[in-house]
Each structure stands twice: as structure tokens, then as C-alpha cells.
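Look for chain A in each of the two complexes below; its partner is chain B in the first and chain C in the second.
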Partner chain A sequence: MSTPAASAPVRRGRMPNLELPQKAQLPVAIAFVVLLIILPFFFAPGGSVMNNLVLAAAYAVMALGLNIIVGFAGLLDLGYVAFYAIGAYAMGYGGSLFLSELTGDKGFAVFVSGPAAELPGVHMNFLLILVLAIVLTTVAGMVIGLPTLRLRGDYIAIVTLAFGEIIGRIAINGDEIRLGNFQLTAGRQGITPVDKVQLPGLERFTSLDLRAWYWLALALAVLVLLVNFRLRDSRLGRAWIALREDEVAAASMGVPLVKTKLLAYGTGAAFGGMSGAFLASYTNTVNADQFQFSFSIFILAMVILGGLASIWGVVLGAIVLSVINNYLIPDVLNSVPQRLGLDFDLTEVTAGIFGFMLVIMMVLRPEGLLPERRRKLELEEGIGSDDAVYEARMA
Partner chain B sequence: MEAATVPLSRSTSLRRLREAGGRYVLIALLLVLPVAYGIQDLSQTGNLSRLGNNLVDGLSNGAIWALVAIGYTLVYGIIELINFAHGEVFMIGSFVAAGFFGTIGLTAAAGPAGLLVGLVLTLIACMAASGVLNVMIERVAYRPLRGAPKLAPLITAVGMSFILQNVGLLWLGGSPEGIVDLIRSQEVFFTFAGVEVSNGDVLALAVTIPLILLMTAFIGGTRLGKAMRATAQDPDAARLMGINVDTTISMTFLLGGMLAGAAGLIYALYQTTIWYFQGFTAGLIAFTAAVMGGIGNIKGAVLGGFIIGFIQQISDNRIGSSWTPAVVFAYLVLIMVFKPSGLLGEQTREAG
Partner chain C sequence: MSGAVAVGARDSEPVAHEAILEARGVTKQFGGLTAVKDVYFSIPRTAIVSIIGPNGAGKTTFFNLLTGLYKPTEGAISFDGDEITGSRPDQITARGVARTFQNIRLFGTMSAVENVMVGQHARMRAGLFGSILRTPRVRREEREVREKARETLSYVGLKPQVHDQLATNLAYGDQRRVEIARALASDPKLLLLDEPTAGMNPQESDELTQFMRRLRDDRQVSILLIEHDMKVVMGVSEQITVLDHGEKISEGQPQAVRADPRVIEAYLGKQESERQH
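Up next is the complex of A and B:
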């Protein structure tokens, strides 16, 4: 599954190499996915375990998207929340009462059956909304990418961060932006309720049975996973990796920088948008206050924890962090500080815990839990190398 | 560095536009808001006193941003890293100030002399705390990663910033905390041509300007300052010349942190509310200021700070303060598009 150059045996790391042998990868992957598919039968269909599974799958989709931008192409994007927001608003526009002032009492329904079709506002089939979200976020990703084309390293980080914040601000203040009857966003009030997912040939999803949500999220995740693998081993994927390792060398080998970078932003953004639309429907709300910088960091932490550019690592990172965030911190460990005689709940410092994790990972195991081989090589060469050589290489 | 720009030279009219005068485009962009609102004021009221008031408030806000921006610029100049946690160092400065008022029992009831002594003591405490904190951040999060890929220290910087934010959250709670208004910061100190200058404005400039002058003298005149400049220019050559690069970098963080601490005190006195999240926004605004002036350039950081302060004030006053971050960040993006090297800066590798 990796390129021939990368598959040369490398065992120089300080840490044990957790990577599976080449032959075992495909069967193990299939077994893993099958296990994930049958997982819901072991739990109550409406319980919190299912809820965590759904969220983990949805976050995995986002993390895999961000992995393309940060992991493959090496463009540190600190504004990934922008795509979550845009995807969520695609759902808000296309599947709620939000645009009812625009459509009048009749409403506007596309491939939707049941009571929702009769309601005011726009109600589109979820697949159409997914397409809408993908288109919007891809365009947004490229637009955000444009100003960063000639920049590098931390400047890219800052510009993407700025865009993320701008989108967040627009989401919060969007109720002031009006065009006739059209209001850009619902502001702090949020858009709620949002239509539940309806897929062709299936009944509308409900909040009582989370299994359907889980399978949908899992399907999205597997799709994105496949796309990730195929892209990584494609001409484009190799171009991304070349770009990450040495921009100047890549350009002189004929890699078109502008196109390659924009495609990385666009693809990564599209996955964020998909997941955003799904989460909006699942959580039944598009809440402007949730589109904050800390969410970008949450997703980034998944990528870092698992291992930059390592696809399975990112999946693992997404699962681990989403369990920590949605289960371990609020449900299990929340009262630990109280028991130690400290006057706070652990949920208050969730962001700090993730920050701590970022620092620890970077200092102790920068290649992540399941490192990608090529990436690991880069890191090992980088550490302790001659400064001048290093700078010429990384600049 | 020319090699790096070659591959893109074919692309886009954007580049031609930049070469034709990115600096002038940037200056024009910066003038848009003041000029537009100036004309609006003139046509509506016939004088510019509202814009003048914006300018004064902007300058005193800008003084705070300038102090924080210098910290970014110093650190960037020497190790080419955006110290993401710098905004949080500033926030901790404010918190230390608030705590220190309580410790030494400083209230508005103290006479002018007592107030002056108390504030000077607080200033020293804030600067010391923030400076030491900044040095510790460097030691823990950046030094182990020197020589690692660029991404690594940047990510630890973000991590440190979140950790410190949470320290602030646990310290004073999650909502803005009002603190004692020691200098009656909104009270008018004097009025000049319809422009009101408040106590807070005077304090901000009275603390900032001497500090900046001192700092420039330090970097320009002392042995350590020379070492800093040498390290910034070429760390390897500096090491060969017998400069202790690690110590020099620590000193740079100390200086930057101290200025951020001073800014924290001014902010606390000026705004009279502090909260854990102030550092995040302040950090980004100050970073914008540093980039606007040309990162690595101290004069640029000061200039950028004042300009951003003015823009921010106009936006607060006329567009609405909830839009201000978006306006400032829009400027940040525009600078990156048209003149990444800033108003006074040299071409840097990062900015291409």
C-alpha cells in the first residue's frame, strides 16, 4: 500500500515499530472494517456508546481530511473549523426551516418525503446536501489556499487560522447580514431543528436509533479512507509528499505547485464539509458558537497523535481523542480534580489537556502513535542533523 | 531565495501586482477605513473630532499591541518561530497585575504617590512573571525541538497556548472579571480640539514609549543586544564567534515576555476587565501588527501596533466590536497577499 521507495525496511527508531508487515495489511484492514460494521449489535441502539461511536466516525472523516492538507502536503492548516462550519451551514440551508422567509409557507422540497416535505424552508435529500457541502467547501478551501500559495510554514498556519476566525465571526454575526429576506446565518441563536438524514430507499433517521447514523458515518469514513489510500499512492499523492519534503526540488521536477497545493486544500476541505453536514443533522443544530479555534486544534491533535500522514494512525487518533473528549473526560474522569481536593471539573480544561497532548507528542514521539515510514525517516534525519543542511532542506 | 520564487513566477497577475508596488497597495488598503469615515464625518458633522477620538483611543490600544508585537518580532527574528503562546504570556501578565493589586492592597484610595509606587512595583512584578514564564515556555516546548522540522515547534507552541489559557481559566474562572479601576481610566485627562484624551490613554503611552526606547537602546547598545542581533543573522556563525546561542535565545524570550507583561498591566488598567481568553485575540492582533510592520523589525512592530490599534478602534466604534476580529484578520490576509514582508520589512524566507 505504500510506494516502493518507502517500503525499504527501516528499523532505526528509538520506539518500537508498530507497523504491520505489508502482506498482512489488507486482511487486517478488512477485518477491522467488518468488526466496525457489526459493532452496533453489541450495544443499546440509543445509548451513549453508540453516540460516541457515531461521533468518532464523523471526527475520523474530518481528521482524514485534515491529514491530506497537513500530513500529505505539509501545509499546516489551523483553520480547519471553517470547513466544518461551511458544511454545517450547507445542511442548515438545505434541510431546516431556516430559509422559510425566502420560500414562503409552501417550502421547497427536493427528493424528500414525509412531513418535512410539507414544511416551510428548504428540504433537500441528504445526498444532495452532501454534494452541496462538498462543492461549497472545496471552493472555500481553494479560496483560503490562494493567499497562502507563496507563503510557507508558519505564515500558512497564521493565514488559515485567520480565515477560520473570520468564518467563525461571520457565523456569529451573520444575522446582521441581510439581503432582502435572506439572512446569512442565524447568529448566536443557531439553526435548530435540522432535518434528520433521509437517504433514498430508507426511512428517515431518528434520534432513538443511532445505529443508522453510525453506519452512515462509517460509510463516509470508509469512503474517505479509500480515497485517502488511493490519493496517497497516486501521482497527486506523490506530488504532495514531494512538496512537503522539498518544495523547490518538487517544483524543479515539474510538480505544478499551485495546482497541487490547491488540490490539497480543496480535497481536505471537502471531507471536512461532508462531516460538518453530517454532524449538523446528527446534533440537530447549527450553532455558531461551536466554530472555534479550539475545534481546529482538536482535529489537528488527532492527526498529530496518530502520526502525520499515517492514514491508520489518523483513524486511531480520531477514535482515541473522540473517546477522550466525549466519554473519558466528561463521564469518567470529570470529578477527579474534585476528589483530589481541587475546585474544578476536568471538562473545563479539555482544551488544555489537548494542548498538553500536542506538546508531549511533539517532544517525545513526533512521528505519532502509528508512524508513517517515510515521515519517520524525515524526522529521524531531521533531528540532530547539521543546522545548515536542515535549513536548506526544510526551508 | 530567488530560486524558491522561480517556479511561481509564471503564475498570476497577482505577482505582477505585488511587484508593481505591494507596499503602496498595502498603504492604500490601510487608508481605506480612516479616509472613508473621515469623509463621512466631515459631511455629517463638519469636523473630524470623532475620527480624532478614534485615533487617540487607537494609539493607546496600539501601544499595548506594539508591546506584544515586539515579543513576536524578537522571537521570530531570532529563531523564525511564531510564538503562539505569546498572547497567553500577555494574559498572564494581566492576571498577575490583578493579583498583585490585591496582595499589596493597592486601591483607588491610595494617594497619587502611593499609586505611583504601587503601579511601578506591579509593573516590575508583571514583567518579571511574564518574562520568566516566556523563558520557561522556550525551555520546555521549543528548545527540545530545535533542529526538528518547522511544524514541530509550531504545534507545541499552539499546545502551550492552550495549556496557559486553561491556567488562566482555572485562575479567575471562565467569565470576564472586573478589576479595580485604579487610574479612573475613562476620566478625561485633557481635551484638545474636541478630542478627549483619557487617563488610560496617557498611562498607555507613558509606559509604552519609555519601555520601547529602553529596549531599542538595549538591543542597539549592549553586548547582549549585539549577541541577539548576531544570532538572528546567523546562529552558526554567532556560535563560532563565541556567543552562547542558547543563552541569547533565552534572553530574547525574557525580553519579549517582559514587554508582554507590561502590556498586560496596561491592558488591565485600561480595560478594567480581564479574562482568560483575552490573550488569544490579543496575540493574533499583535501578530498582525508585527507582520504589518515587517516581522523581525522592531520599529515595524511598533508602527504596525499603532496602525492596527487605530483600525481596531475605528472598527469597534463604527462597524461594531463583534466584527473587529474579522476586520483585523481580513487585514492580516490582505497583507499576506500583497506584501508579506510588511511595511518596513526585508524579504524573508517564509514570506517568499
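Up next is the complex of A and C:
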């Protein structure tokens, strides 16, 4: 295993074991979700708290997607931002003025109402955009999966890293990639404005009332959470874990490596795309500068901080890091360096803070905040780390 | 020498249908090194046969060729009448070949039952969407597979109390058992056991020998064994193939192989055999 957590020094966590007993899990989970549903009623509908909640939920969707690739299947993906980008562009194409040169003044509206239906460009119902984002990112996930199939550990990380960078570069320079009237991206200018989410039977979302956004993001998160749980305890989930522990043994037991890995990449990518489309609409822009390597690390840090392969851990990691990134650092602690007489804002060193947190985690509790039973074993007893005897190169 | 004609356990059956697995002129080279060289080999249906040979003779490499982990440089392998040369390991497993490993390779963080459930992967049908939706068919399959895993574990002699223990926490002998159960879970027609008695005491080895016979009789599987323990090999095998430096140097029934000067030479060194000439 060459996932970051596993390559850390093997040490026992010193913090208490936070794992819940099996029987308590479902009631606690339901109570947790109910609490999350009623949460918006305690805050101003357009305030910064709601904004943070929306972002946390959207990031949780991504982290849970990445968890399938990195946590379950053990394929270290450092280019997850690519799926954010592709999902966001799906929203950009399907819900903005961006393609107006292709459609002419009439525009092309599918299941949308209100003023957007009259505008040029393509305007689709958000459900359709979600489907589009899922299809595009699943394909992209499998495309990135293909060259990594013969690779292991560190090499997978390098290829996925490069893939993330390639997509990022294409996004930045896409304004010069033209095919007739079609421009691939809007580059650094960004596609803006982007249509607000419109769902069937509901009014279009607005930026004044963030509660609708929050509930949508929460619904997506719960959906992805459910998919995570169900896949983990399925034929496919067992195959992923088998693959993560010992590819040779897994293949010899009848697990098709290529298909199983591609399913992990594809599924994980689809959730990144879903969240990407949502965030594009929510932030009202698809700007190439958003799709940086540091975003991949940001999401990966959520997975590692929470506990690789631990579903609740990943949710917790997403919430914690999202709050630190969007609230604690910019709003609360930002002026601390200046008060100490230093000439910089804390937001300028966000990446450094996350790096420092990861180091602390690796030393104190490498298995994550809410460790998964298996991962904990792998770290504490070194299971799966001794795959030195690697007999075969798999096709 | 032609190993294509099997030394039969079932003399009454026609030769063409006797072999469950057949390797014809199989060669495997790693760079300049020839690990397996032009081996003709076949396993009669429902027979127990062994491959023996000194360390580094290419036995495990040959296993890996049969199970698809390696692709032969030259030669062809057929199983149950079908060509499997160059097939992937999972495809070969799906056709009915299962194996264990020389150094136990269980999925350590999975329970014994889960390990055996992975073994049934090729016999299951649940897909991505079925698993997400957890359709009645998927639920039923999951339940059946779990039940069958427990049965198989009991069959190989694992006590029900330890079925749900993590593989890594099991005693050594139990881990060997789980590995055999995991292989059996795919309903193989041919079972390949790579040094199954390694690390066992004579009594455990005896038990395993008995178990192999019972397995063959109960389930009509053919068994191919790599083994160093000559007592086990001579006791259980109906046919023994000897590899040395990747080449087949002898084949036949235990007594014949034991008396073969080339085998003695391979095991005891050259001088011995020169004196005999």
C-alpha cells in the first residue's frame, strides 16, 4: 500500500477509539441526518453560516467519491480535481450563455422555466445536467483509469496527478481551442453567470435563500453516503478490498482487475462530477483557476484526516476541513499574524496549514479521526504492507 | 517425451477425454532466464497428481502459467477442452481452476467468511447498480453466498466460532484451511495446491492427505499438488512429474519416479549418477 496514510510511520493512535458499536450505528446515523436537515432553521437563510454548510455538504460528496477510489480500492488518485472541473464544465455548457454562439439568439432550453428559457445559450434542467456531468466524469474516470491499470502505488499517483494537471491546463487554455464557433472553455475569464439550479416542480434557486441549496447538497451527500455503504458491503466492495490488499490473490480468486478498478475510478469520478456541477451553479462561475492541484490535495486531505475507507470518517473530515478552510482561517483567525506583528494574512498560507495538520495527524493518529476497522489493522499490524512478493504483472 | 498421454487413474475411459488440463510445450522465459522449458504435462480427470523438484526448478512458475498469472512464452495450455493460453487469471478461475499459494495470501483484514465470499466472485452476478439498489435478487445472492461460505469453511474443518474472525488473527493451520476453502468456493474442477503442508507437523500433513482424497471423492475435483514432503507426495499422488531447471525430467507413478536415476541425480547431485553409469 502506498497510500499516504500507510506509508507513514506505523504507530498506534494515542487518541481514544471513537468507533460506535454496530447496533448504535443506524440510530445515530438517522439522528445525525435529521439534525442536518433541520439545521438551516437556526441560521439566517442567506448568511455565511449557510454558505459554509452548503460548501461542506458539497465537499463531502466529493470526499465520498474520492473515498471509493483511494479508500476502498486503494488507488491513490492525486488528480481528483479533474472531475470537479469536468462536472463544472458540464454545468457551464448546459446552463449558461456560454454556448450562445452555437445556439444563436433563440437559445436551447430543456425543461426550464422563467427568464432563462428565453435567453441564448443552452439551459437545461439541473437533473439533466447532473446526468450529463455523471456521464462525462465516468468516462473521464475510466480514461484516467486505463493507463494506471498496469501500475501500482506511487506510479498511479503520478499518472493521476498528471491527468489532473492536464485537465487544469486545458481548462486554462481552452479559450484558444476552437472548433468553428465552439470554444472549449472560457479560460481564466470564466463562464459567468451560470444558471441557478432548477429542479422539476420547484422554483429556480436564488442566491438570497441558501437553504434550498443546502438541502440539495445534503440530499446529494446522503445519496452518495448510501451508495458508499451499499457498495462497501457488496460483491464489488469486497473485490475492491481484496484488490487493495493483494492484487495477485484477488485475480486468482476470480476478481477481474481491469473491470473492478475501472468501476472504482468511474464511480468515484461520477460523484466528483455531480458535486462539480452543483458548485459551478452555486458559485455562479466556472473559472479555470479553480481547478488547481491544491484542490485535489484538499479533498484527499479530507479522506485521510477522516480515515481512509471509513465512510463516516470521510464525512467528518470533509466537514472539519471545509469549516477550517471557509470559515476558521478567513473569518476568525485571518488577522492573527498581523496582530502578532507579522506582515501576512493567514489565508495566504492555507495550504501550509493543511500540510501541517496532515503531519500532525500522521504522527498522532495515522488511521484518521474515525478509522475504519480494516485500515486500522493494516496500519497497526502491517497487513497488506508486505506485498513484497509480487509475482506477476497483471494485464 | 510426451506427457500428453496421461498415466490414467481411470483406465476404462478413452484417453482423449481423460485430461482435465493439458500443457503442450510450455516455455516461460524471463529475459535470458528460462524458468520453464518445453514442458508437456497433463492431469487426468479427478486424479491427484504432483509436481516435485528441487528448489528453483520452476514449479511455482509453472503453477503461475497454468493459472494465468504468467503468459507462456511458447506453448499452449488447454483446460476442460478449451484453450486457455493467455487468458487472464480471473477468466481461468471462472472456467474452474482454483489455487492456493505457497506463502498464505489471505486478505488479512477480511474475516474468514468474507475471504471465502471473495472466492465466489466469479460465481456471483451482482453488478454495480444491483448492489447500489440492493435488489431482491442481489440480497438473495448475498445471503446464499454467505451461507455457502460458512458451509465451505465447515467442510474444510474450520470451527464455526472462528468463521467471523479476521483472517490475520487465525492460527496458521486455520489460515491454510481458509485458503483452501476460498479456492473451493469458486466450485473448481481443478484445484492447484502450492505446498499445502508447508509448516505443518506430520499429523497435520496426514490429515491433509486424507482431506485431499475426501475432496476428490466428494466433489470430483482434480488436484495438482506442489509438495516437498515426500511422504505426502508418495502417499497421495497417482502421477508424479519431476521438474529440474525448468525441464520435465521424469513422470509416472510414484514407485517408477522414485527409482528413476535422473530424479535421483536431480536431488542428490551428479556424481552419484555418474557412478551408476
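In this section, the second predicted complex is superposed on the first by the 367 of 395 C-alpha atoms of A that agree within 3 Å, B and C clash if a C-alpha of one lies under 4 Å from a C-alpha of the other, contacts with A are read in each partner's own complex, and residues count from 1 in each chain.
We take it that contacts are C-beta pairs under 8 Å (C-beta built on N, C-alpha and C of every residue); 3 or more make two chains touch, one makes a residue touch a chain.
Bear in mind that the values here come from a model prediction, so they are computed numbers and not experimental data.
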Touching partner for A:L358 - first (chain B), second (chain C), both, neither:
first
For A:A109 in the superposed arrangement: first (chain B), second (chain C), both or neither?
neither
If touched residues of chain A are counted for chain B and for chain C, the larger one
B
For A:F344, select first, second, both or neither according to whether it touches chain B, chain C, the two together, or no partner.
first
Quick one: classify A:L130 as touching chain B (first), chain C (second), both or neither.
neither
Return first, second, both or neither, reflecting whether A:R238 touches chain B, chain C, both chains, or no partner chain.
second
Where does A:L257 make contact in the superposed view: on chain B (first), on chain C (second), on both, or on neither?
both
What is the contact status of A:F293 with respect to chain B (first) and chain C (second): first, second, both, or neither?
first
First (chain B), second (chain C), both or neither: which does A:D246 touch?
second
For chain A, which residues belong to both interfaces, chain B and chain C?
248, 251-252, 257, 378, 383-384, 394-395
Which residues, counting only chain A, touch chain B once they are in their complex?
70, 74, 76, 78, 147-155, 157-159, 161-163, 165-166, 169-170, 172-173, 176, 247-248, 251-252, 257-258, 293-294, 297, 300, 304, 308, 344, 348-349, 351-352, 354-359, 362-363, 366, 378-379, 382-385, 387-388, 390, 394-395
Partner chain C, residues of chain A touching it in the complex
227, 230-231, 234-239, 241-242, 245-246, 248-257, 263, 267, 373-375, 377-378, 381, 383-384, 389, 391-392, 394-395
Report the residues of chain B in contact with chain A in the complex, numbered from low to high.
3-8, 11-12, 15, 80-82, 140-141, 144-145, 147-156, 158-163, 165-167, 169-170, 174, 235-236, 280, 284, 287, 291, 320, 322-323, 325-326, 329-330, 332-333, 336-337, 340, 349-352
Chain C - residues contacting chain A, complex:
60, 64, 67-70, 88-91, 93-94, 98-99, 101, 103, 105-110, 114, 117-124, 126-128, 131-132, 134, 138, 141-142, 145, 166, 168, 182-183, 185-186
